[in-house]
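Common to both upcoming complexes is chain A, partnered first by chain B, then by chain C.
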Partner chain A sequence: MLEHYMKQGSSYASHIDGLVWMIFLMVGFWFLFAEGMFFWLLWRYRKKPGEKAAYFDEHAEHKIKYNWVEIPHRLILVCDVALIVGAISVWTEVKISMPQTDETVRITAQQWAWTFQHAGPDGELDTMDDITTVDELHVQLGKTYKFELASKDVIHSFSVPLFRLKQDAIPGRVITGWFKPTLAGEFDVQCTEICGIGHGIMPAKLHVDTPEEYAAWLANPSHYLAYHY
Partner chain B sequence: MAESHAHAHEPHGHAHHEPEGWFKHYFWSTDHKMIAKQYLLTGMLMGVVGAYFAYVFRMQLAFPGKPVPGYGMVTGADYNALITNHGAVMIFWVAMPVLIAAFGNYLIPLMIGADDMVFPRLNRLSYQIFLVSAIILGASFFVQGGAFGGAWTSYPPLSAKAEYNLTPLGPSLWLIAVALEFVAFLLGGINFVTTAMNARAPGMKAFDIPMAVWMIVIASIMFMASVGPLVAGAVMLLFDQLIGTGFFDPDRGGDPVLWQHLFWFFGHPEVYVVLLPAMGFVAEIITVFSRKKLFAYKTVLYTSIGTGVLSFFVWAHHQFIAGIDPRMANVFSVTTVLISIPIAEMCFVYIATLYGGSITFSVPMLWALAFIGEFLVGGVTGIFLGASGADIYFHDTYFVVAHFHYTFFPIAIIGTFAGITYWFPKMYGRHMNELANKVHFWITTVAFNGIFIPLFILGASGDHRRIFDYSNFPELATPEMQAMRVFATVSLLVLLAAQPIFLVNFFYSMFKGKQAGANPWNANTLEWQCPSPPPHGNFDVLPDVYRGPYEYSSPDRADDFWPQNSPS
Partner chain C sequence: MVSVRSTLVALALALTAASGCTELPASGVARGQVLYTNCEQCHGKSGEGSTLVQAPPIAGLPAWYIEAQFLHFQTGLRGAHPDDVEGLKMRPMSRTVKDPADVKVVAEYVASLPAVKTEATMGGDATKGQAAFATCAACHGADGQGNPDLKAPKIAGQADWYVVRQLTKFKGGVRAYDPADTAGATMKGIAGTIPDEAAMRDLAAYIHTL
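Right after this comes the complex of A and B.
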């Protein structure tokens, strides 16, 4: 369902969308059931001349309560268990586990820009050939990346809707995570935590490159003139 | 038996009833009904302010870069200040004062058969502190640098340092206003709980208390139990702002995430603090207008207590992706999803109350039914956000905005209109105009859905919150998404255009409405058994209670209602 509104661009995007779809079906059923019952009762028991409302004593109420409360209670509990299992398994994959990664990218947020430190041709961070860019992140299709997220000033949030990835950046901490791009193209990076008056002008570009594009970008000498320090 | 009750709880208000001056009557009164009206009118006024903020920023979102009629150009700083204060005003200065303070003050003594609150002077002080807090908040817009714009959640370090938020005075005034507002409601809460515990009419046992009173009492207890950490946090943040302490500053050994824990430990129970009174009003209204006993009274009571307790263990679901230990999300996801059980039970019990009823669609009933129908949307969409895996995508998008407006709008707006239209005849002794109220109901309800349904779709498309101009984000600046923003804004304009109908009706009916009499709805609860409007001291003779509040359509009686104080 979500892929209709936002393309899936990472290895776990479809798992998150699958979870959303499962929740949609479950809550959709309960929602339609409850609203259907609600409107039917309103129609069925609208005031009619000469008819008096029913009066249920304790005994009658107890019997009705079984159908109206106890049964839904148990069914909802079953739904909840399924939902929790789904939520936790997706969450564990995206946020807790750390797969074998190919490369690391360092992301630093500040008011109001993103700095991306790429490993460069040697694939190792913190070496002479690192490529540091502002508001422009380059990753290779199909490679698994570890990211190290930090903030220089206030709380920001690194969000790539295409990846279904979002993580707050906290000043004073380095938060790690991972992603594996599966769709080539140019996409938005958003800051999704309010970070001052420039929050609305803090976009960045994500380039998911094919190996050839990535090699061409690496070879561009302007990085070594403009950004390297 | 009847005689021993009947002799007298002489209402002491009558004994020293001197003519009051104008000032003492309207501004210095200790009468719970006058304090309730002070809260109600202040809350309505603040509601107009909050709605104006929403109008300005929604106009900016629909037509970015164009001057907004009645405001002018909206800068990024303006936009942040408007959304921040829209949220703060609507929750702290509209929902709280109207739902809890106004209705709690008005209803508790009347519904339990007392002549006033047990601490009337504390009550007066509560409103006065509240008024001061509202004035301070208003003042924050006119200081150097302008009003605070760090969102109503006020996360440090953005809220802590002027070099980050660029508003040197706004954040401190905002925090002082919020903290004072909490003090006002602590005083009110003490009063509500004590009064409901100690001043009930003879014969009113625990299960004879009307649900509205129970709910306000439970909400007050929850508020008092949850607000302490936040008041402490607010003082710490104020120190960080003003004297350079480092409670939340990582450079000085502090932790910004600590604030989030303190804030949401209060912030989540707060949702139920305002929800429960609205649920209470709905219980009163649906029983009266379907002439039915409230189905499963004890289940409603226990599920609301259960929800209240559980709500203290879900706060970190606001922080799934905020940099907490990700394993914590598993625990909070479980507690959050489990809250669906008591809330769903409450909804089913309310719907079941209609079963076998004789339903009249009067205006208060329409509002109460709209509450149930709309709140369900807010309830089910919350599941998407409580499930940690799905929240990674939805967090801080318009899906969240739509979700919580589908809870808060039914609570604070629909619930309030339900309460006002239902108790107006008691408050002023007159009826509101039914036709005008119906027109207002339908426009408001339909337009409300027109505002927030597009926001669900925007959120699903990855549209994130608190952005004053989407043209910087190509994925979000598509014509389809902009069309939805315009649709939402137009719906808001329709909704706002309908509100003068209500306001004119409210003030006109106060003086010129049709006389209502003591019990126009043929209701059982005690507030309808005293004159409308009730005099100082409320009851001519304080009532005794013989039965529960919802004995409608009893087969033993010719009448379809049976007042709680009627001996037979």
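Right after this comes the complex of A and C.
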């Protein structure tokens, strides 16, 4: 369903979506249940000939009223525990753990552009064959990437909807994370932290390349936005 | 369905009218003036520039040069180098004016503004700068008014901090990094012959007095 609106393009995208679904279903169930109950009670104890509308049934047992509150309350606590367990496990996978990675890419945010330092043919950063591009990130399908995210000026946020990845870039810090692309194509990167007048117009393109496409890009980085360092 | 939509459209139009949004003239410098409101934030109401955002004074620069540079920012010939901090700020802004005809009128409007003299900030020696300026005069003219035939812009009176920054960028290949930028390449070659930043400051100090 969510995938219908935004394709899942990373190894953990479906886990994030699963969590969103879980929250939606649980909250949705209790919302409908509580509203249904509410309207049913309003209707059930409405004013009738010879009977006054009443806030509560004076003759009902205290125990019954107690159960109407206490049982759903406990069930909601069970839902909470399930949510917390789900959320922490996905958070740990996406944000805390660092799997074995194949390559590192350095991402720098600034007003109002993204700079990507790719490792180049040798797969090592900070060597002569690094390829630095502006507003254009190239990664290979199925490889696991570590990223090092920094900002030159203010707080920005690196968001790749396809990956279900969003990470703030904080000036003065290098924040690491990872992703593994699972869908080839051209996708959007956007800034999701208000960063000045150009915030809305600092998009970048993410290219998830097949090995052949990636090799072709490596062999021909003479695109005007590409620089050899 | 259709009636709901047309009602919404009518409502939106009424709201826009009520909000007092400026109407955009169809063409001419008047249109350029309205378009220029997008630039004021950085280049200032009278094109005086801003040291805060490092946006240069542009009032009174020749229209052909403003237009050419604007299009360079748009196409990536300028301001797309990863180390060009200020250029990367101007780059997205150049994309807010999409129609080439609009770029022309906004350039004409900026060119029509009287040049604004800024404060000297770099502390260069104008006398030394004057001697070194002999090289520059060949293209930019003895009075720094520029020469459209050589694609050399007016630089007379330009803010000294901006001149030093641009000379540094030309020299380091942060501006004119693309061989397709032929005018830039000319200037890059010249900037490469300026020995150091002190010499750039002296030149800037002299250019500022013109």
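Note that the second predicted complex is superposed on the first by the 206 of 229 C-alpha atoms of A that agree within 3 Å, B and C clash if a C-alpha of one lies under 4 Å from a C-alpha of the other, contacts with A are read in each partner's own complex, and residues count from 1 in each chain.
Going forward, a residue touches a chain if its C-beta (ideal position, glycine included) is under 8 Å from a C-beta of that chain, and two chains touch if they have at least 3 such contacts.
What you see is a predicted model, and the numbers here were worked out from it, not measured in a lab.
Undergrad: So, does A:Lys152 touch the first partner chain B, the second partner chain C, both, or neither?
TA: In the superposition, A:Lys152 contacts chain C only.
Undergrad: Which holds for A:Gln110: it touches chain B only (first), chain C only (second), both, or neither?
TA: A:Gln110 contacts chain C only, not chain B.
Undergrad: Which partner chains sit in contact with A:Thr132 here, chain B, chain C, both or neither? Use first/second/both/neither.
TA: Once the two structures are laid over each other on A, A:Thr132 reaches chain C alone.
Undergrad: Contact-wise, after the overlay, does A:Gly120 reach chain B, chain C, both or neither (first, second, both, neither)?
TA: neither
Undergrad: Applying the document's definition of touch, where does A:Leu77 land relative to chain B and chain C: first, second, both, or neither?
TA: First partner only.
Undergrad: Identify the partner contact of A:Asp188: answer first if only chain B is touched, second if only chain C is, both if each is, neither if none is.
TA: Once the two structures are laid over each other on A, A:Asp188 reaches chain B alone.
Undergrad: Figure out whether A:Ile201 sits in contact with chain B (first) or chain C (second), or with both, or with neither.
TA: The answer is both, since A:Ile201 touches chain B and chain C.
Undergrad: Considering each complex separately, which residues of chain A are in contact with chain B in the first and with chain C in the second?
TA: 111, 197-198, 201-202
Undergrad: Which part of chain C faces chain A closely enough to touch in the complex?
TA: 41-42, 76-77, 80-82, 85, 88-89, 91-93, 95-96, 177-178, 180
Undergrad: List the residues on chain A that touch chain C in their complex, please.
TA: 108, 110-113, 115, 132-134, 152, 197-198, 201-202, 224-225, 227
Undergrad: In the complex of these two chains, what residues of chain B are touching chain A?
TA: 75-77, 79-80, 149-151, 155, 157-158, 164-166, 250-251, 255-257, 290-293, 295-296, 299, 320-323, 326-327, 329-330, 333-334, 337-338, 340-341, 344-345, 347-349, 351-352, 354-361, 369, 372-373, 376-377, 380-381, 383-384, 387-390, 392-393, 395-397, 457, 460-462, 464-470, 472-476, 552-555, 560
Undergrad: Applying the document's contact rule, which stretches of chain A touch chain B when the two form their complex?
TA: Touching chain B: residues 1-2, 5-6, 15-16, 19-20, 23-24, 26-28, 30-31, 34-35, 37-38, 41-42, 45-48, 51-56, 61, 64-65, 68-69, 72-73, 76-77, 80, 83-84, 86-92, 94-96, 111, 153-155, 157, 159, 161, 164-173, 175, 187-188, 190, 192-203 of chain A.
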